[in-house]
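Here come two complexes built around chain A, the first alongside chain B, the second alongside chain C.
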Partner chain A sequence: MSGHVAPRPGHRVSVGVHPVLRYAVRRVLAGAGTLLVLSVLVFLATSVLPGDAASAVLGRNATGPALRELRQEMGLDQPIWVQYRDWLTGLLQGDLGRSVSSYLTGSDVSVWSQVGGKLSNSLTLAALAFAVIVPVSLAGGVLVALRAGRWQDHVISTVTLVPSALPEFVLGTVLLAVFFTWLDVLPPVSLIAPGTSPLEAPDLLVLPLLTLVGVTVGAAIRMIRAGMLDALAADYVTVARLNGIAEPRVVRRYALRNALAPSIQVFALIAQYLVGGLLIVEYMFAYPGIGNELVQAVTIHDNTEVRSVTMLLAAIYVALMILADVIVLLVVPKLAEVGGSA
Partner chain B sequence: MTTDLIARLVPRRSWWPATRAGRVGLVLLVATAGAALVGPFFAGSPDRSVAPPFSPPDGDAPLGTDFLGRDVLARLLTGGESVLLYAGLATLVAYAVGITVGLAAGYLRSWPDPLLMRSVDVLLSFPSLVFILLFATAFGRGIGAVVMATAVIQLPAIARIIRTATLTQSARGYVEAAVLRGESSSSVLRREILPNITRTLSADVGLRFTWSVLLIASVNFLGLGLQPPNADWGLMVSENRAGMSVALNPWAVLAPALMLGLLTVAINLLGDAMSGDKK
Partner chain C sequence: MSTPQAGSEESSARAGLEDTGTPRATVLDVVGLRVELDSGTPVVEGVSLRLDRGEILGLVGESGCGKTTTALALLGFARPGTRIAGGEVFVAGEDILRLDESDRRRLRGKKVSYVPQDAGQALNPALRIGGSITDVMRRPHEASGNGVGALLTAVDLPGTAEFAARLPHRLSGGQQQRVTIAMALACEPPVVVMDEPTTGLDVITQAGVLDEVRRLRDELGTSLVYVSHDLAVVSRLADRIAVMYAGRIVEEGPTATLLARPEHPYTKGLVQSIPDHTRPSRLTAMPGTALGVEDRPQGCAFAPRCPQRSDACTERMPELSGTGHRVRCVHADRTPPIVPGPPRTARATVERGLLLTVSDLHASHRTGRDAVIAAAGVSFDLGSGECLALVGQSGSGKTTIARCLVGLHRRDGGTVALGGEPLADRVRRRTTDQRRRIQYVFQNPYESLNPRQTVGEQLARPARKLRGLSAAAARAEVGPLLEQVRLPAGIADRYPRRLSGGERQRVAIARALAAGPDVLVCDEITSALDVSVQAAILELLADLRGELGLAMLLITHDLGVVAVAADRVAVLEQGTIRESGAVEDVLHAPEHPYTARLVAAAPTIGRTDGPLAVPDTGKSQT
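What follows is the complex of A and B.
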């Protein structure tokens, strides 16, 4: 995945707005445009299947009048563009609509009330994974770069290569076999009661966390190693060395700082990856998060929930992408001068 | 002189990986893919119950039985070809359509251009897996939708690479000469440009195939791809999860998971070596 597009060099515009701010605004607008296009596609994708949501609720024994009444209640009697408009305005006001299953039970619960707690569970898991991945891969990547070609490099590169090549559920299965089947120290599923925080049961988080970390850390170390090696080979590092600056200082002050910018992009990629990776890991460990929720919604054909949750995930995804690019510009002002005002 | 000629006529063994990791990958791939493709001819019936559910390994069923009492080894041997087949199909479709669109966009320099750029933007704005789930919602559950979605995800990126390569080539003298000779556009594309961009083309076939395998296996695991009673490694892992405890038969889950693991590690190593990643 080549997520990041390098800012093109261009002429400077002499306006009193901070270049990074200009860049951020432009990216946010472009992101909003992309999401708008996406919303049309998502809406169509969740509307095309023959047999609409109303008949999905009532099942096969739907009679004419009952079906008509429900269709009216769900707004399905409206032309499709009106339905789209209503859904989109709802989304923009933070209203994710009602799920098909809520019509089934007759309860007036919104998608948000079904999904809100799960979103926070997912965020907890993702944040914890991120908090492990960042220091581990930074330390690993820098160490490996400083020892490039020596045994430390070979050992770490080989050991991390295998798990990062595996699908999440394969690594998860291997971990389950070790920690549940064989050692019997960790639970096989991570069921968390609604309303309680996953942090109250740390042992439930270990396996999902290990899986997420295992599949990402190898790639992260490789990318950070590459960035660090580039920085170590740069002219300014050679000049610093020739000036007689001590090697630890060269590494810290000169190489590390400049290797940081590509690292931020690596972590942005990982944050983005986590949005999708959570889907599998949550499903695998029955963890009540947004990814698992989406899989369940697709499984039971709850199209109104699928479309809103998809848009929610896409918005998070795009926001992460923009955030990362903006942070990179803030860390490396040089890039802002050439690219930010282009 | 003759050896020189032979060297020129017989291309370097480009399929033989240059790195040791690549060679390990090739061997692993031949082993796992071989088992997957040849296995079905040797396996017993994968659908017949032979013993109580989750029986541990014994003489009749060397890997025990699954949640319906079916022979795990028989299902393991039959369950591998689906991943390879469908991932191969998805990659093939992605390349077939991607090359056509990319060539047209690069040579004709017309409408597909902005469309390609925008579609990549949209596809990059959410996880591939979510895209497949959306596809499954729109076109019904099942492997057809999954293969289609996997192809669609990779298509724009392929088309963009081909487009750029075509743009570069079509400015070259030999293309202009062909046009002046009066060759038709399709013939110029087929006979002049295509042979000259195969290198760009083949650079990441391996990585894209890896990607297809990962996605399709994962969707099968989620139960939204191939449906029971099909034997498929991804599906086997998810449907037998209840048997993970020691008292039951963990092999029903572990065996297909390990086979998938070997396969993905193998194609990763090989894909890296093929794309010239001199790590």
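What follows is the complex of A and C.
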């Protein structure tokens, strides 16, 4: 309280660049730094794993000279920092490296050609799930907050929390039992032919989607409910009501607008989960996505693919985080003026 | 006092009332209002009020008396956990309590509006202030351009588009409060309810807002219900005052007569509790404390604390009787007139040697790249047994200086010496004895006591740690310490949460005394307390000085407190002492213009005319 001077008019406005833009640039730079550190860690971690790609490729034929030859071809005989440098320069130029299958078949197979389609499958599933989760949990959270303590609150809060409390594979199994075994309306596995889009067969997507929504929505509703309750209890909401402002407007402009900032962070966490955490759901429904692909790459010791895909996912993570923070600043301009320029 | 009849033709046209003929139309009529908790326990009962056009009614009482509950009920609003259980509230001819929620909303803002206490919390942080104001107008197409600017100008804020585009956090406290007033005036309602609108502001800013409120009444003919705990503030503004105690109005009448000749013993006690810097005298505190909503007694709620109670008082609740000047007391005729307390006796001018010397103190706060100067070359000294008050507005650096003395804040330069020995910068570099000799009492007794220790444990600890007493000897100290601060010995086993604010502050003082200090630093120790509780604490401090010969440094923004408690005063502005000297000299013949503004701005019961705010020559923000 004491000792703080009120900002003078024009104090921060005089700076030419928009504060949000300045903040975004700073965050992107910091994000790049994070990714660089991560690349070292990922590279080291995959290097110290026992077994290497060469012996995995050769399998039973892994005789001394053949192994040596293949290692040389893969660049595994180089010092580790050279391997790292080559990999990183490739990444920065958009080259994810060569897949192990190159050495199996003798043709040049890039990692990207292996994972590109699967990444797009996964992102499609994640985007669809996100597009369902956001409106459902926003509407649910707001409704539940407005009816806090009444039956609507209890019903929605409890019903949505049950699937959230279950692990994905349990919820998925239950859904399978209901929609495949009993009702037989949906396919049990979601096999998608390479080169086709999952959107061409929407029924294949329903079960994975339901599982993802069920697992996340309960927690999201609770977080939004809490944010809304805080905002609804704030003085400015009471004063808005005392000033005769219509209730829908009070809810939207006064309560929800201020509850949004924490909600956006919740959605960012969900988006990150959807990008990285699809593994189990993809595995359950045999969905050809990036999570499944990553598991296979680990089993066959395709270190290049593991590293590159991990970095790709990490980059999407960081980008989502920055995006969420920038959106928060746009929604709550106060933070842009105070926090963004500190 | 200004009469509200003047210019009523014009003002009634603005207020949009039908009966223009009568000079004193009633715009607000409350009959038998009752608000209760969901459990059925009454919070406010039998409140009846009338407000005429252009009139200002002051609604006064201490915390928990039901004044805010009453204020909200005037808009047909009850806080969660309470409901309006009975009565009538006619606003511009319509009983708002008989309307359903959507019709109530129609009246709110248009016929009766509300100015909240804490403007910082009351403005939507996500909306630019122009947006907040147009929201209330409900006619955005009309209001978009001139409306907002005109309203902002009306409350003495810049009416520019740049200002309207600011977010609330870019405004000072005074500006925020003016914005909430502009919002309340947006639809030009005939009645505005203001709930402690200046309580969070410092004196000079408060004076500006009070002048503003009075000017708006004069210009727009708006009627005001002004809710406050501060009788002195209300006396500057109100035509009539209603005093509430334990959920009921106990006395109501014209400001001048009510203050000069209060008929209810509680009103009288309240008036006598207020320290007045123009007439410093020893305060007479009321005995006892107000009881909570659940524990209100049978009959007159004030009876347990009343010096003139009889059996009749406890039998049944007395009626609010009389016309013009109403009072709820069986023995109103027995209430003795106010006799000014004995004037403060001339202070011992005997030089008793310097105890604490501060010279050329520099200190600042750093937040990121910004540094705010809190002290820029401050020097003063304190003799043993002397009380020096450090006065200034919020942000003047007074608390930081006090924290430097006890070693809680790093100083950038200068020296602090106790009894000739220079003190280390930080408290952990000081010797135990140096720490013992200076003790600090914090502003907020709700935060300064450890909630997980009993009062006894908290009092024994400093005696043990700083005076080196054994555990048993320290425990034996607890009783006498509690006695010293006039608390019953039984309190020793209690936890702070079971104590009232006044009791907690006494415990905090006792904890400081437990160390056996030479200097007591009191940082706004009464500002979180009700006036009657403040009076009792100030009384206690005076007694303690007499008994123990303590030297005190009193940090305060309240000149009344200074006049009652201190020998010398130093006036602080922006980290610099502008003026210092004997209290009488500084308060009665201020030499520095800032001191003059401060003295003029301080509300007292004595004066009721003239503007409060003296124009600031070196224009700063309010």
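In this section, the second predicted complex is superposed on the first by the 324 of 342 C-alpha atoms of A that agree within 3 Å, B and C clash if a C-alpha of one lies under 4 Å from a C-alpha of the other, contacts with A are read in each partner's own complex, and residues count from 1 in each chain.
Here is the rule we use: contacts are C-beta pairs under 8 Å (C-beta built on N, C-alpha and C of every residue); 3 or more make two chains touch, one makes a residue touch a chain.
Treat the numbers as computed from the prediction; the structure is a model and nothing was measured.
Novice: Now for A:Tyr236: first (chain B), second (chain C), both, or neither, which partner does it touch?
Specialist: In the superposed model, A:Tyr236 contacts chain C only, not chain B.
Novice: Compare chain B and chain C by how many residues of chain A each one touches, and report the one with more.
Specialist: B
Novice: Taking the superposition on A as described, I'd like to know which of chain B and chain C A:Ala165 touches: first, second, both or neither.
Specialist: Only chain B; A:Ala165 stays clear of chain C.
Novice: One more residue to check, A:Val275. First (chain B), second (chain C), both or neither?
Specialist: Touch status of A:Val275: first partner only.
Novice: Once the shared chain is lined up, is A:Ile245 touching chain B (first), chain C (second), both, or neither of them?
Specialist: second
Novice: Go through the superposed model and pick first if A:Val298 touches only chain B, second if only chain C, both, or neither.
Specialist: Touch partner of A:Val298: chain B, not chain C.
Novice: Could you look at A:Leu146 and tell me whether it touches chain B, chain C, both or neither (first, second, both, neither)?
Specialist: Neither chain B nor chain C is touched by A:Leu146.
Novice: Considering only touches as defined above, state whether A:Leu119 meets chain B (first), chain C (second), both or neither.
Specialist: Once the two structures are laid over each other on A, A:Leu119 reaches no partner at all.
Novice: Do chain B and chain C land on any of the same chain A residues, and which?
Specialist: Residues common to the chain A contacts of chain C and of chain B are 1, 3, listed in rising order.
Novice: So in the complex, which bits of chain B are touching chain A?
Specialist: Where chain B meets chain A, its residues are 118, 121-122, 124-130, 133-141, 214, 217-218, 221-224, 234, 237-238, 241, 244-246, 250, 253-254, 257-258, 260-261, 264-265, 268-269, 279.
Novice: Which bits of chain A are touching chain B when the two form their complex?
Specialist: Those residues of chain A that touch chain B are 1, 3, 30-31, 34-35, 37-38, 41-42, 44-46, 48-49, 157, 161-162, 165-171, 173-174, 176-177, 180-182, 184, 188, 222, 272-273, 275-276, 279-280, 283-284, 294-295, 298-299, 301, 303, 306, 310, 313-314, 317-318, 321.
Novice: Can you tell me which positions in chain C touch chain A when the two form their complex?
Specialist: 72, 75, 77, 105-110, 113-114, 116, 118, 121-127, 135-136, 138, 162-163, 167-173, 180, 183-184, 186-187, 365, 367-368, 372, 374, 394-400, 621
Novice: Which residues of chain A touch chain C in the complex?
Specialist: So the residues of chain A in touch with chain C come to 1-9, 234-236, 238-247, 249, 253-254, 257-258, 331-334, 337-338, 342.
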